[in-house]
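One structure below.
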Amino acid sequence: MIRTLPNSKAYLWGFKSYIILYFSFLFAPLLVTCILAFNDSQFPALPWKGFSLDWFTGSSSERVGIFHDQINLQSIWVSAQVAFFVTILSTAVGTCAAFLFEQENFRFKQALYFLMIAPLVIPGVILGISILVFSTSMGTFFEDSLKLDVGLFGPGFWLVVLGQFSFISTLVTLVVSARLKKFDRTLEEAAMNLGANRFEVIWHITLKFLKPSIISGAAVAFLMSFENFNTTLFLVGSETTLPINLYLQVRDGSTPVINAISFLLIVSTSAVALVNLYFSRRRA
Amino acid sequence: MQIDLSVLSVTKIFDAFTAVDAVSFEVNQGEFFSILGPSGCGKTTLLRMIAGFTEPTSGAIHIRGEDMSGIAPNKRPVNLIFQHLALFPMMSVEQNIAFGLQRRRENKTDIRKKVRAILERVGLPDYGDRKVDQLSGGQRQRIAIARCLVLNPTVLLLDEPLGALDLKLREQMKVELKKLQAQVGTTFIYITHDQSEALVMSDHVAVMNEGKFEQLDTPQNLYNRPRTPFVARFVGENNAWSGSVHRCGESNVEVRTEEGLVFRTKAEERLQPGQRVDLFLRPEAMLIQPDPGLPGLNRFDVVVDSILFDGANSQLLVTPLKSRRELVVALPQNRQYDYIKAGDKIEIGWDTNSGICFLQR
Amino acid sequence: MKASRKHHFQWTLAFFLTPVVLWLFLLIVLPHIDLLFMSFRTKDDSGSMVWSFSNYMLFFKEPIYWLTFVRTVLYSILVTFLTFTIALPVAFYITKVSRPRYQVFLTMLLLLPFWVSELVRVYGWMILLRESGVINHFLMKTGLLDKPIEMLYNDVTMIMGLVYTSMLFMVVPLIGVLENLDDSLIEAAYDLGANMWTILFRIIIPHAVPGIVSGSIVVFMLTLGDYLTPNLMGGKNSLWFTEQIYNQFIASFNWNQGSAFGFLLLALSSLVIWAGLKLTNQKLSKVVK
């Protein structure tokens, strides 16, 4: 049954093969995508025609590698900017929310807490359309009553940032809260006893303690933002983010340049995830 | 008398580490048998082999004469009380106790009857519907035992179940457990690192160290006639004093300590003059200011360093003159010694039969 | 002293409360209220907006809409169930069977694919499964097939894709709860005569209920609200309800109708989650942790 009990050979081998199958299932699509990024072919398919870096560095008319593909490069840049702002905003607000729910007491705390976790159970598509509808209403309202045309309210960069921020903040809150729960509040009392005020205590004591979780919260926020599709789909304007841009290409048929982008994404997100994991384990 | 459990030269080797080294013993039916040893001595491994969770590397385990090798834990007539009891928190008390009976496909009315009877027996008749986390430490203890006893095992194994309880409750459970065992008559095999638990409850105790049994004996003999230095040190409190053999007699020896004191005492093995030995002296074997007329005592003078008052367990810390070795001497609280103060010089005497010495290794 | 403490207390409360309230009200509460209003508005014959139930009426009148809706819900439940049955042995193996020193490594390996965009993962499946895909290539090479078959754009593939996409959100909470399961409970049950199945159903699953519920809620919600995987792997036949919403919003530009659909989806997912919590006696705030 478990490792401390005697187990039959058949049981262990059966279980092991199941796990191997499971991991093959997990990694097969990613491996194939990566391998085909280096195939010297016009299509992301077998047969293998030899190793080539064309889909990374190529600049001929029929093979535009990712490093020369202006549209895709542009969308990567947009995604990076979106992710940057989402990370800053959601880390700040998520940390505030963690403090609010772990350390403060106020009326309607339970209700507000329920609202805070709601974005986790609201489908992303619904979040997207509700924010789209609301911002459009606001835009109309400002235009009609104040004669102001605020571009912010139409689909576009900032609406994407807000849409992603609306649910990523919840994730950051949960990550930071988990660590704040383990915080020994007598440390704060000791600091207050030594003459620090509430903000000084938070700045010098609590935030120092929370740093690892804030960093990993930020990393989660960045990755979630960078790969978000369902919410972004409804809010995106003319500046498309990378997942939206890739979606359009995949849907309408594509060249192996998508494999090249995927390869870079896989390698870099794995790196970010591993570094994050390494730090969170070391500091835990 | 029937033998319930025989362990025949059982060895368990993990990688390169020998956890249990050729251990053999037998336990009679209805006995309370303890295995006492420090943590890491191999007692848990031995217990898990009897339960069937671990297969011995060599040797055999027989229960009521039947070889248990290759028989899974769930098929053995043995049940185990876990260190942290392992009561199922997702079930009520009644469901916990019924669990094993249901596995035997017994019919529902029988199960209900048996559960009620066993709850009665452990003194918790109305607790069937409780949740496990609504029970106190002592109650959980009793339910864990009831859960096993309801299956009528040939042998009940207990893995330090009192370890998690606080001191008062532990004292109380010790007595309760012994009574319960006497009442049900099931063979208990109890492992512990707490010598008091082993001495109080058991009919026989095996002292285990580094995978081997040092001594298997009654609690009285373990205390009064330890056969190895390890037992002398581990069971009860003892003063150890090193010295060398001065002269050998028929049944006793003379030992000269490093300070030059010469004592007559008994030896557990044959000794030659000049050999280095360790002399063990129980704190309560030493008499304070013995009557000058008492014959057969080793006598010496000491200075009192301090008095450790602890009710019935009060002790004196003393140092023999011209020595730096500190000895612990029991201080009976019968008001006879109330005059003793730190810094006093007093005489200590002990009977030549109450010390024991072993060859130094 | 007491007064000044109170003063500080209120300040920090305001400091933390303001951004959180702004976030939740401006981006969650008000948009959903607006969505609800929107869904009850419709153009009348003269072209001006009026209050009406017609958006919801249309949903029930047109079989294509409510059939898609029912289909989406049933498939989401199926996906949740499949994800659970596949993930439980994996979580059990990692926490209880594998050697402890491999545990961290296996968990890391498990998480890695999910840091990569859903789109990349779906794309990987597409180049594996499509008519000119890698699997077809190998089947032809080995002579098992004479001509390639299209493995994409059917329900089985779509469900597999959805299971794949949401696997992480089931495995992680399961590993979490199983890590807290005391080994001696399993040993005790075994010692009392239980076999593997009894231990699974009486000990492991009852213990894992909080993890199962939280995993199931997230997987169900993600599947129900997914657009990418059904759209790319199910193709035109996918008939996923989010596509209806997308069509109303982006293609037909009928936001009122789309809002009604969105609200129905939201109401339904809340209902299923609520029912799941009630049935298993769990609280949302406990489960989310």
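By letter and in written order, the chains are A, B and C; residue numbering begins at 1 in each of them.
Keep this in mind: a contact is a pair of C-beta atoms (placed from the backbone, for glycine too) under 8 Å apart; a residue touches a chain by one contact, two chains touch by 3 or more.
Values in this document were obtained by computation on a predicted structure and should not be read as measured data.
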Maximum inter-chain contact count - chain pair: A-C
Chain of greatest Cα-centre distance to chain A: B
Mean-CA-position distance for chain C and chain A (Å): 16
Chain B and chain C: spacing of chain centres that average the CA atoms, whole Å: 57
Distance from chain B to chain A - Cα centre to Cα centre, in angstrom: 59
Interface hub residues of chain A, defined as touching at least two other chains: 4-5
Multi-chain contact sites of chain B, meaning residues that touch two or more partners: 53, 72-73
Junction residues of chain C - those touching two or more other chains: 187, 190
Complex contact set, residues of chain C against chain B: 182, 184-185, 187-195, 198, 202-203, 206-207
List of chain C residues in touch with chain A within their complex: 8-9, 11-13, 15-17, 19-21, 23-24, 27-32, 34-35, 38, 86, 89-90, 93, 96-100, 104, 106, 108-113, 115-128, 132-134, 137-138, 164, 167, 183, 186-187, 190, 196, 199, 217-218, 221-222, 224-228, 231-232, 242, 245-246, 249-250, 255, 258-259, 262, 265-266, 269-270, 273, 284-285, 288-289
Contact footprint of chain B on chain A as seen in their complex: 4-6
List of chain B residues in touch with chain A within their complex: 52-55, 72-73
Contact footprint of chain C on chain B as seen in their complex: 51, 53, 72-75, 78-80, 82-84, 86, 88-91, 99-100, 103-104, 147-148, 151
